[in-house]
Amino acid sequence: MGILEVKNVNKRFGGLQALGDVNLSVAENSVHAIIGPNGAGKSTLLNCLVGKLIPDTGSVMFDGQSVLGRTPYEINQMGISRVFQTPEIFGDLTVMENMMIPCFAKRDGAFRLHAIAPTDDEKEIVEKAERMLEDMNMAGKRHMPAASMSRGDKRRLEIGMCLAQEPRLLLLDEPTAGMARADTNNTIDLLKQIKDERDITIAIIEHDMHVVFSLAERITVLAQGTPLVEDTPDNIKGHPKVREAYLGETA
Amino acid sequence: MDAIILQILNGLDKGSAYALIALGLTLIFGTLGVVNFAHGALFMIGAFCAVTLSRILNFSFETIDPTKTDFLGNPAKIKTTYVEHWFGADFGATIIDWAVPLAILFSIPIMILFGFIVERGLIKHFYKRPHADQILVTYGLAIVLQEIIKAFYGANPIPTPAPDVFKGSFDFGTLLGFEPNAIIYPYWRLVYFAFSALIISGVFAFLRFTTFGMVVRAGMADRETVGLLGLNIDKRFTFMFGLAAAVAGVAGVMYAPINSPNYHMGMDFLVLSFVVVVVGGMGSLPGAVLAGFLLGILESFASMNEVKSLIPGIDQIIIYVVAIIILLTRPRGLMGRKGVMED
Amino acid sequence: MLGLNKKDFSLLLVVAALTLFAPFILNPFPEGSGMAQFNAGYPDLMQRFVIFGIFAIGFNILLGLTGYLSFGHAAFLGVGSYSAVWMFKLLSMNVIPAILLAVVVSGLFALVIGFISLRRSGIYFSILTLAFAQMSFNLAYSVLTPITNGETGLQLTLNDPRVLGQSATADGSIPVTSLFGLEMRSTFEMTLGPWLFQFNAGYYLCALILLLSFYLSIRIFRSPFGLMLRAIKSNQTRLNYTGLNARPYTLAAFVISGMYAGLAGALMASMDPLAGAERMQWTASGEVVLMTILGGAGTLIGPVLGAGFIKYFENIFSKINDTVLHGWFEFMPDGLENLIVGILHPFIGKGWHLTLGLLFMLVVIFLPGGLVEGGQRIAKLFRRKKPDDAGDNAQSTPAE
Amino acid sequence: YTNEPTGGSVTFGFNVPQTGPYADEGADELRAYELAVEHLNGNGDGGMMNTFSSKSLKGNGILGNKVEFVTGDTQTKSDAARASAKSMIEKDGAIMITGGSSSGVAVAVQGLCQEAGVIFMAGLTHSNDTTGKDKKANGFRHFFNAYMSAAALAPVLSKLYGNDRKAYHLTADYTWGWTQEESIKAASEALGWETINAVKTPLAQTDFSSYIAPVLNSGADVLVLNHYGGNMVNSLTNAVQFGLREKVVNGKNFEIVVPLFSRLMARGAGENIKGILGSTNWHWSLQDEGSKAFVKSFGTKYGFPPSQAAHTVYCQTLLYADAAERAGTFNPCGIGEALEGFEFDGLGNGKTLYRADDHQCFKDVLVVRGKENPTSEFDILEVVEVTPAEQVTYAPDHPMFAGGALGNCNPGA
Amino acid sequence: MNVKPDFSKGKNLAETAPAFLSIWEMESYYGESYIVQNISFNVHEGEILALLGRNGAGKTSTLRSIARMDSPQVTHGEIWLDHQPLHTMVSHQASSLGIALVPEDRCIIPGLTVEENLQLAQIAPPIGWSIERLYELFPRLGERRKQEGVTLSGGEQQMLAIARALARDIKVLLLDEPYEGLAPVIVDEIEKTLRIIKEQGITTVIVEQNAVRALELADRAVILDTGGIVFDGSAAEVLGNEELRAEYLAI
C-alpha cells in the first residue's frame, strides 16, 4: 500500500481522453518519476492530485484519505506540495517574504487571524525561512522582488517554498527545466538529502533523463493518457517501446 | 396585456440605449482593458455634437425691428439664420429641422478624431498601469470634459428636438387588434431602436469578419508577443479607441431628442453602463448587448405599478439586484471571457 | 518603539505632530490678508481632513494590500453615520456609544456584503460591491425614509427620546454632541498678532482616533496578516497551493476596512449630527478610491494625503470667486488685473471641479505612485545634496 | 452672538449650487446676490431698494458696515452644503447664510444655522417642510411652498379643465415631491377631481418612458408632474413624445400640469412647455414698480432678465439687511424679532407678510402657462392669474405643516 | 575592439567574415538595474550561435534587447541587422525585418486557439512557412488546432512557440531555451529542423542550458557571465576547453 494510490482515474477534455484508467501507486519515502511524451497527461495527472482538476472517474487516496472533492489548500494541508511547470511565486514580494509564507502556512494552517505583531518578531519563522534560503543557495537575493529574478532562480525559489512546508508528498513538475547544469546538480543533491532526512515522498515529472535516472527509484511511463510501463530505472532505460516512443537515440 | 406590450417596447428601447452605450464601453473596457470612466463623457460629447450643429445651423444675424421692444423696453432685435437667408426660408427651415440626423454625419469624424487624440495623448500610457490609475486619469478627463461643456453650454438641459416628421407616435395597437391609441410608441424611439440595431450589427460584422478583432484581443492579452509577430498593436488600439468614441458619440447624438442633453448626462449613464458591461461579461460584445436589453426590459417591468405595489422600491434597485444575482450565478457574467480583468 | 521599526515609528511621530499642530500648520496666512483664503485651519475642514483620512486608511487596507477594488465602501460610511445619529436620537449625545454602535453595525454590514461579493474577484467583485452600495443608497433615499429621512438626511429633533440624556436643553434647543460633557463643537480661539488659531475639541478627538487608526494600520501592514494580504494580491494560485485559504483573509480585510469606514461615518455624525444619503452614493465610494490612488495606494501615508488634497479643493477652491481674485490682483493695472482674473476665472469657484480634474490627470501621469511619489522625489533631491543623510524620509514609506 | 461684526464690515455667506444640475440656477442666484450687495453698499441704481416699502436702508451698507460676501458650493447635497456653510461661519465669519436650491439642502443648512446661531435666509426651497415640520427660529423663507402652489392652481384648474377630472401623478421620490403631491392631491380632490394613481419615480431617473406609458391607458385625463429640474424636463419631454397632449380621454383633452415652474429649467423642455400650466413665485414680465425696477437693474448689468431664483434671493438679502437696520443690531434674535410679523410691499410680489408663527412669507402666487408664441428666448411663460395672498394662506397648525417646533432663536456664542 | 566599425556601409567587427547581425557596446537596463553590461559580438549569415551562461547571466535579456522588446531598455550601443539599424526600431519593426524570438516562457496568447495563435503570426508580412507545413513538422499541434493555446501541455506550448516563429519569414531566429520541457525524441526532431533551417540560410542564436547539445549544433559560442562576455569563439573550442566548461557551464 503506497502513500499515494491512484485508481482508475479518467479525465476527458472535450473529445480528448487526457487520462485513461490511470493506476499508480507511490511507495512511502521513495522517489517516483513519471515520464512520457509531451501531452501524455503527466501534468493533468498531477492536477488531479492537488485539486486543480477533478477526475471524471476514479479515486485518489493519500495516506488512506481521499483527496477528491477537497480544495487545493485543504489538500496541501494534508501534506501534498506542488511545484508548477511554469513557476508560480509571489512576484511582488521579496524572496524572503516568499519563503516566510509557506513557513506560516505550515505553522498556522489554512487561516489564522494573526495577532498584529510585526513579521520580524516571529523569530522561529524568520529563522526557518533564512535557513531554507541558505539551503537553496539564494540567501544573497533575500531582498530582491521575486519577479525580477531570472527564471532558473524563480524555479529554485519555488522548490524551496514547497520544501519549507515540510510536505509528506512533494510533486515536482519539471523542476529543473531551464536550470543551469550546476544548479540542476545541486537540486538533485538537495532532493536526495531532503528525502532521506525528512522522510519525504517525491513524485517527479521530468524530461531531463539525467535528473530522472539520478533520482528515481521507480519510473512510470505515461503515453496518451495511460501508463505504458512501470519499472525500475535500469529496466526503463532498456525498454524498447520507451526508447522508441520517448527517449529516442540520445538517452 | 397592452400594458405589458408597452413595457416590452419600452424595455427594448431602453435596452437598445443601454446596449449601444455598453457596446462602446466594452470596446475600450472589455477589449482594451482600460477602465474608462470617461466613456459617459464621450456619450455626452456626442449629444453635444447635435446641440452644436443645431447651434451652427442657427447662426444668425440681427436686424432691429423698431415696432417691437425687448424685455427692457429697448427696440427688439430680430434674428434671421444664415441658413434660411441663403437657402430660402422653407428649405433652410428643413435643414435646421434635420439638425439631429445631420449631426450623425457631423459627429462621426469629430468623435473618431477626438478618440484618436485622447488615446494617443493620454490613454496609451495607461495600458500597463493598474486599473486604479486608469480610473483616476479617465475620471479626471471626464470631469474636465464636462466642465468645458458646462462652460460653453451651461448646466441646464438644452432641447434638441428630432425632425418634425418623427414627432408623434406610431400606433402599434391597431396592428395587433387593440383599440386605437392603446399601444402607441414615439417614432423617434423606433428610429433609435432601428439605428442601434444597425450600429451594433455593423460593429459585430467588422470585428467578426476581419482579423482586427483577433489582433486586438491578442494585444490586450499580451502586447509584447503580438509585437514580436510584427503587428503594430498601438495603431490598432488607437483605431479601436476611435471606433469606441464614435459609437459612444453616435449613441449620444441619437439620444439627444429623447432627453435634452446636459453636461452631466454622461455621469448619469456611467455607472449603469459599467454594470451592463460587467453583467454581460468582460470582453464579450454579445454579452454587453444582451445584458443591455435584459436590464432595460427588467427595469421597464419593475416600474410597472403592479410590480411596485408588490415590492415597494423595486424599480430603484432592480438593476442592481439582477446584476448581483447574475454575477453570483455566472462567475463571468452572461458571456464573459476567461482571464479578462479577473484579478 | 510601540512594536514599530524606526522608520515606521518616525512616520507615526510625524503624523502625530502634523495632526497635533494642524491648527497652526493649516493657518499659515494672517487673518484678513489676501492669502487668508487659503487657510484651512478651521474646525470643520480639519475634522474632515482627519475623518476622510481614517476612511482612506481603512480603504487602503483592502485596496493597497489585497488589490481588491471595492466600489461600494461609501455604504459603510453611510451605515456608520446613520447608526451614530440614531444613537444620538435614542440614547444620549455622548459620542462613545455612537461610535461603538457604528463600528459594530458597519462591521456586520461589511461581513454580509463582503461574504457575498468576495466570491468573485477583479472587476466582478468591484461591480458587486457597487451594486450593493447603490442599492443601499437608493433605498435610503426613498423606501427606507422612516429610518433615514430620505433626501434631507437624518437629523436630531427636539422630540427625540434620548433616554440617557435630555430631549432638549433648558433654553429649548437640541443638545450638542459631547464626549462625557466635553462639547464637540467647543473651540478655543487663540489670537497671535494678526493670526487666529482655532483649537476644537471635536477635531482633537478625531485626530486622536486618526492616530490610533494609523498606528493600527501600520501594524497590520507589517504583520503576518498583512503579508498574507499582499500575497493574495500577488498570486492567489500560489497561495492556494501553499495551503492557505485566501477567502477568510480577504474577508477579514474587507470587514476591517468596512469598520474603518463606519468609524469615519460615526465621527462625521459626531462632529455634525446629520446623516445624508448622498454619503452612500457611488460618487462617494469613488471619492475614497480617488483619495487612495491619488495619495498612493499601498503606501501608509498616501491615503491620508489624498484625502486632504481632495477635501482641500472641495472646500477652499470652491469658495474663491471673482471678487476674491480681484482683491488679490488689485495692485496691478486694471487691464492686466482683468486679464489675469479672466484667465483664472474658469478654474476657481464653480470651476473647482475643472481644476481638480486637471490635477487628477497631472498627478497620475507624472507621479505614477501618487502624491507619495512626489514626496519621495523631493526627498531624493534633498538626499542627493546630502549623501550622508541615510535616515529615510518619513513621508515616503511604501509598504514593501 | 456668533460672528459679531467688527471693523466696519459685515460678511454674508452665499451658499448656492455651483456644480451639478442646478448650477445655472445657482449662478443666477449669485448674480442677484452680487446685485443686492452692490445696492446695499450704495452702488448701482439701487434696484428694488427704491420701491421697497421700508425705507430704513440708506445705501451705506448695513448699520454703517460695508457688506462683504463669501460664496460656496452646495453641490445640491446636504453634506456638502453643510460643510460649505460651516466654513463660512467658522472661517469667514459669516453672520448670515443664504441660498440653496433644494429643500433637502435648505432644511439641512437651516438646522446647522440654528445650532451655530446665525440667521438662515432660505433661497429656492418649495417643500412644505422647510417652514413646516422642519421650521427653525433662525430660518426664514421668502419663497412660496407646495401648499401655496396647490391652493393657487386649484381655482385655475377648475376654471380651465373643469371639476370632473381624473389625475395621474408622477412624483420625484423625495421630501419635496411628496409634500407637493400631497398638496396638489388635497387641493384637486377638493375640487372634485379623482386621483387615479400617484407614482413615485427615482430621483436619478433620466428616461421616464416606462412611467409615462402606463398613463396612456389608465383612464386619467390629467398628468401632474411633481418633478423639478432635469426630472421635469425629461418627464415632460417624454410625456409629449408619447402623444399625451394630443390625446382625448373621456371626451376631454388630455392635460399636463407642472405645479412648480421655473423659467430657467423650463427652457430645457423647449417647445413641449407650450400651454402647460404651473405656478411660480415671480416672473420678470410683471408690471409692478418693484419688478420693473429689479428687471431693469438686473437686465442692465447682465443682459438678460432675472429668474425667480434671482428674485427671491435678492429679496431675502434686502429683507435681512432691512431687518438689521430696523433692529439696530446683527444679533440673530433681534433680526428675528424684526422680521417676525413684518409686512412690506414693493418687492415684486405685492403686499407680503413674514408670518411670525413659522417664518414663511405670504404673498400673491402666480399661475403661469407656457407661452404659445414667444417673442424672445426669455419669453417662455405667461401669467395666467395672480392668486391673491388670502387664498393661499393657511393656519400655522395646518396638518400638512404640523409637527416640529420653531424653537427659540439662537444667537450662538 | 575599441574602434567603432561603420555598420551602415557593411564594414564589420570581425573583418574576416561579413557579420550579419552585429551587437555593438550594448547596455540594457530593467528600470534602474544594469543587466546587459556593454557587450559586443557578431553573428554571421547562416550560422548557428550558442549563447551560454548561468542562470541570471543575462542571456534572455540579451535576446530581448535584440528583438527590441520594451524591457530591458537598451540605453547605449547599437544593433545592426544586414545594414539596418535595429536599435532605432521597436519590436514590430524588428519583426518585419526578419527577427523572430521564441521566448523562454513561450508567451502563448490566452484566449486564442492553436490555429489562431499561428494565424496571428501571418497577418503582418513577411510570411513564412504555411500553417499546414507547420502541422507537418509538429503533428501534435495539428491534432490540437482548435484547442485554446494556453491549455496545451508544456511541451506542446513549446512546439507552438517555435512553430509561430517559423510562420514568419525570418532572417534571424532567436531561440530562448527551445528544448526546455520537450521529450528527448522531440528535441531530436527540432534539432533536425534547425539544421534544415540553417541550410536555407537562416541565422540562429540559441540559448540553451543543455550546453553540450547546443554546442554540438552550433558553429560558434558566446558565453555570458553577469552581463558581460567571457568567451567568444568557435563551439568546438568550448567543448575542448575544460576550464571554461567547468567554470561557466558546469559540464
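Points worth noting:
Per-chain numbering from 1; labels A, B, C, D and E assigned in written order.
Quick note on the criterion: contacts are C-beta pairs under 8 Å (C-beta built on N, C-alpha and C of every residue); 3 or more make two chains touch, one makes a residue touch a chain.
Since this is a predicted model, take the numbers as computed values, not measurements.
In summary, the chains found to touch both chain A and chain B are C, E. Minimum number of contact steps separating chain C from chain E: 2. With centres computed as the average of Cα coordinates, no chain lies farther from chain C than E.
Averaging C-alpha coordinates per chain places the centre of chain B 48 Å away from that of chain E. Annotation: 77 Å between the Cα-based centres of chain D and chain E. Averaging C-alpha coordinates per chain places the centre of chain A 30 Å away from that of chain E.
Centroids built from CA atoms put chain C at 34 Å from chain B. In chain D, 23, 27, 173, 202, 204 are the positions where the chain touches two or more neighbouring chains simultaneously.
Along chain A, no residue makes contact with two or more other chains. Residues of chain E in contact with at least two other chains: none. Looking at which chains touch one another, you get A-C, A-E, B-C, B-D, B-E, C-D. Those residues of chain B that touch chain C in the complex are listed here as 35, 122, 125, 129-133, 135-137, 139-144, 146-148, 151, 271, 274-275, 278-279, 282, 312-313, 316-317, 319-321, 323-324, 327-328, 331-333, 341-343. Contact residues of chain E toward chain B in the complex are 67, 69-70, 90-92, 95-96, 100-101, 103, 107, 109-112, 116, 119-121, 123-125, 164, 168. Residues 13, 16, 36-40, 42-44, 85-86, 148-153, 173-174, 177-185, 207, 209, 245-251 of chain A touch chain E in their complex. Listed in rising order, the residues of chain D touching chain C in the complex are 18-19, 23, 26-27, 30, 34, 69-73, 77-80, 82-84, 86-88, 90-92, 102-104, 107-108, 111-112, 114-115, 129, 134, 173-176, 200, 202-204, 404-405, 407-408, 410.
Across the interface of their complex, chain A is touched by residues 3-5, 216, 219-220, 222-228, 230-231, 233-235, 237-245, 248-249, 252, 400 of chain C.
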